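Here the chain labels run A, B, C and D in written order, and each chain numbers its own residues starting at 1.
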Amino acid sequence: MSDSYLDLRRKLTERDRSLHEKVVSLEQAAALVKDGETVGIGGSTLSRTPMAMVWALIRARKKRLTCARGITSSEGDWLFGSGACDHMITSWFSQGIVWGVSKVMRHYTEQGLARFDEWSHMAMGMRFRAGAMGVPFLPMRSMLGSDVVRQRPEVREMECPFTGDKLLLVPALNPDVALIHVQRCDAYGNAQMDGLQFLDIDLAMAATRVILTTERIVSNGQIRRVPDQTKIPFFAVEAVVEVPFGCAPHECSGVNEPLFKHMDYYTSLVNKEPVKGMAEYLDRYVYGPKSWTEYLNLLGLDHLLEAAKGGRSVSNA
Amino acid sequence: MSSTAAHYTASELLAVMSSRLLKDGQIVFAGVGIPLLAATLAQGTHCPGLTILFEGGVIGPVIEPGKLPPSTNEQRCTVRANMVLASTDVLLLLQRGYVDIGFMGGAQIDQYGNLNSSFIGDPAHPKTRLPGTGGGNDIASLAQMIVAMKHEKRRFVEEVDFVTSPGFLRGGTSRRDSGLLAGGMYRVVTDLGIFGFDEQTRRMKIVALHDGVSIEQVQDNTGFKLEPARDVEVTKRPTERELEFLRKLDPERLYTA
Amino acid sequence: MSDSYLDLRRKLTERDRSLHEKVVSLEQAAALVKDGETVGIGGSTLSRTPMAMVWALIRARKKRLTCARGITSSEGDWLFGSGACDHMITSWFSQGIVWGVSKVMRHYTEQGLARFDEWSHMAMGMRFRAGAMGVPFLPMRSMLGSDVVRQRPEVREMECPFTGDKLLLVPALNPDVALIHVQRCDAYGNAQMDGLQFLDIDLAMAATRVILTTERIVSNGQIRRVPDQTKIPFFAVEAVVEVPFGCAPHECSGVNEPLFKHMDYYTSLVNKEPVKGMAEYLDRYVYGPKSWTEYLNLLGLDHLLEAAKGGRSVSNA
Amino acid sequence: MSSTAAHYTASELLAVMSSRLLKDGQIVFAGVGIPLLAATLAQGTHCPGLTILFEGGVIGPVIEPGKLPPSTNEQRCTVRANMVLASTDVLLLLQRGYVDIGFMGGAQIDQYGNLNSSFIGDPAHPKTRLPGTGGGNDIASLAQMIVAMKHEKRRFVEEVDFVTSPGFLRGGTSRRDSGLLAGGMYRVVTDLGIFGFDEQTRRMKIVALHDGVSIEQVQDNTGFKLEPARDVEVTKRPTERELEFLRKLDPERLYTA
């Protein structure tokens, strides 16, 4: 985060940015993330969360990750509860509005076991956008005057040299790696996504490298037929993993709605006993299964197909 | 008035009263729950040309009865929308000035309309860490606000523990002095009445009371002194049509129980 | 351009922003532009230029317009030569690389009859983007040190409060009106476009109002089936005009390639005698025809269909 | 060497010599004309993994022989591309640091590699107003540059009338001191030779001469003193394969006549 402009550029040039195949397994992709790195997480709340990749990072016993996301849901619980992450940078952190306040988030933050830096949602967007643009900050007009800004020594206020308006300058956030799940991409990492984009495009361009998970890998020819649908260019991408239902139990637009019954079960389990409940959940659902497919099986094929029916039919209306 | 209209929940009352504050042609940035119900009700009654925006990145969706989205960041929010765009860009519409009304719920509010959704107790050692602002701070910083919330003494406090979403901050010109040039609290809608803010002091005042509610009752449920406006009106009870619309919209009573 | 933040917001709220039909004729749309206003022009060089609208403004004898565009081609000649515009804000101004330097641009700028303010292309993009974002400026890292920046008293240099880097702050450009041509939109102004977007989306959101011309008007239902393809929201749009081949003699992606033979004829005519040649051209092609269709007829149906064949087949490869 | 290879135009020589400077895997921001021909030639010879970016907003297009785009803002630029994006965003890739080489033509260059495409004569009262920078200033400000141009005394001047696209400005550290932290002139390719810039003074120097060209000939066609590098190489003449590729690409000789 405190890299100089030239450091940020150098990190990009150190990568092989030619058009080459980069399809790997979840485990191989997890090995690309180092302990202590800053990880940007795509999607928002219950939507297009790169859950399979978060699951793989926890299984790989990552430590001391700093994670950043627009709005954080149960994947934040997992990251805190597993010990993979001790620092979330986000605008909102719970399991989802319908389940009330996350007791896991409360336990870790109130006990001082982990840090939750709060920014406004637009500020998160501006920080990724500044990072994507290669500028050290962007100016904005919210957060001013509130206590949210008083908790954030990272910002600066300025008087606009053009208008005299008071503006808030928020610093660029350039994660070491971004985890992003898309509906389709090619083997090189040219990614196309449907529905809500959230902050993902700025996040992808702000990060030093992107790990893509995708519902399916399509041919480069398919991408090239509609290049104006490509949202992330291959040269930003370090690895591509094909993971059907890679957001479960969260949703993926046009693919599946959230697995609400599983989320109900999950929240009641971990909110009852944030540490013990989470340990039980992680043992059973994250460390236990041999593969992501086995994890999906644990969620239940009937539940999965029901959620998929809802996801596929969302635009039928 | 029919017997159906005679019975309604506090949440239904909130939704109806809020919906009546909306005007046709407005662009409303709405949260899920009461705000979305109220905005959709307004579209179905007196505001056919009302446009809803969602924080996830949606302009002008159609809300299907029985398929309320669980958050403003979910694919159900995009159904038959006119446009889906990046979250950052929909939030920037607030900053650009395209949004007439920001409309959200509140957990804790103070006499200047500041909202807290971050910390109960001292932020350095909080009793409770709440989920935080989301887009709330941006909406409250950049648009005229309507807030719908239950009227309880612990929620209506003299000074919030933490200003997550700014109302008029410390009153007077303090909001503008902080650099927040536009927007500000317009109305707070509760199950007891409708509240506005004094033009000078920016303190909350009573604008209207719901049928059968007294000023004393409001004051008893408020943690600071509430002045009545010059003419405190009495609101008209929810109509059968309004209640039926709401009940069709939310048949499982997720938000109106 | 020097409107305060609150003035800019007020101008937006003065418009009817409800979902309503706004289909008008070219002539009615032209009447919405007032003498002396700042007009942002969509597209770039020979692509997706809102030529029909420029044509209509000239026919309506507009005066003293300030026009802004990323890259300016022969529509800039028309605007200078007709007297409709005496001030272009752009990064490049000629007829197109293949025709050399525009003698029309040269005549008007070298004689001091009109002003051509030069900014870098990215600076034009940043100025529209700042305008679209509702901030008074954006920071950038180019133009510094060059003579381009020395000609621009509008900018400020700053030392970054985060990094100490020298940055250029370029002021927001919020045109009174933006003219944008799209492949399709609905009667409310929800616009979808194919291929290159250029600066159009930022321009649309920066402007106080947008006049859309479109190859075809589609139903709102068609727009709502793929809302993630909508690029300009209806509430930014003041008027919609259906104008098939509305970019001729320039191109519209997927619709027609440039009418090169007409452009060859045009450039040879006006570059030989910038004033007299242009007067002749305007009389014949702009003031002369009774309608845009008659103008297209003058270009030649054979030429038009040939260009359309090229445009339609561009993605066949 | 065959007889075909023995005959080539100055433009063909420029395209071939420039293409050889590109390396496989690079991301090249290319203008139309010689730069695009050279980049496409490189793809067809030693750089199959080279990616071309266009200012209009294109990543990784496929250039079809005989269908060269007339500008970098035209739909032909998008044919079979990997991605099409806003012009502002493709230019921001330069600022972010994603571009290895900016590659363009030049009308007038000076001893420090500054390019002028804005004014001939005094900018306040110019003899000739030229079209201006386009994206040239951005490319030259933010990326390593290769410039391909005809070698004429009136084009190679001691000091350009106007710095449109910055090289090393006034030499030494002046470029960096101006806030341009990255990029800078890498090579100038002409029909006489290949030129680089001294690491300290940042003045142009002779890196290589084309077959049969003397240092004197270069100096006679240059408006400032050109020092030779320590070892001035002699370039290898264009091969038959290179020339055939170019002639297939541009059969109408739009850019190679």
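To be clear about the criterion, contacts are C-beta pairs under 8 Å (C-beta built on N, C-alpha and C of every residue); 3 or more make two chains touch, one makes a residue touch a chain.
Only a predicted model underlies this, so the values are computations on that prediction, with no experimental measurement involved.
Each chain gets a centre from the mean of its Cα atoms; the one farthest from the centre of subunit D is B. Note: centroid distance subunit B to subunit D, computed from Cα atoms, is 58 Å. Subunit A and subunit B have Cα centroids separated by 29 Å.
Separation between the centroids of subunit A and subunit C, computed from CA atoms only, is 37 Å. Shared contact sites, meaning residues of subunit B that touch two or more other chains, fall at 58, 62, 78, 80, 84-85, 92, 95, 181. The set of subunit A residues that touch two or more partner chains comprises 5, 134-135, 140-141, 165, 167, 195-197, 228, 315. Working note: touching chain pairs come out as A-B, A-C, A-D, B-C, C-D. Across the complex, subunit A is touched by residues 4-5, 134-141, 156, 158, 160-163, 165, 167, 169, 171, 194-197, 225, 228, 315 of subunit C. Of all residues in subunit C, only 5-6, 8-10, 12-13, 16-20, 132-135, 188, 190, 205, 220, 223-224, 227-228, 230, 233-236 touch subunit B in the complex they form.
Within the complex, the subunit B residues that touch subunit C are 24-25, 27, 49-51, 58-60, 62, 78, 80-85, 92-93, 95-98, 100, 181-182. Touching subunit A in their complex are the following residues of subunit B: 32-33, 55-58, 62, 64, 70-71, 73-80, 84-88, 91-92, 94-95, 118, 123, 126-138, 141-142, 162-166, 169, 174-175, 178-181, 254.
Subunit C contributes residues 44-47, 70-71, 90-94, 96-98, 101-102, 105-106, 109-110, 116, 118-123, 125-126, 128-129, 140-148, 151, 157, 165-168, 195-199, 201-202, 251, 253-254, 257-258, 260, 311, 314-315, 317 to its touches with subunit D in the complex.
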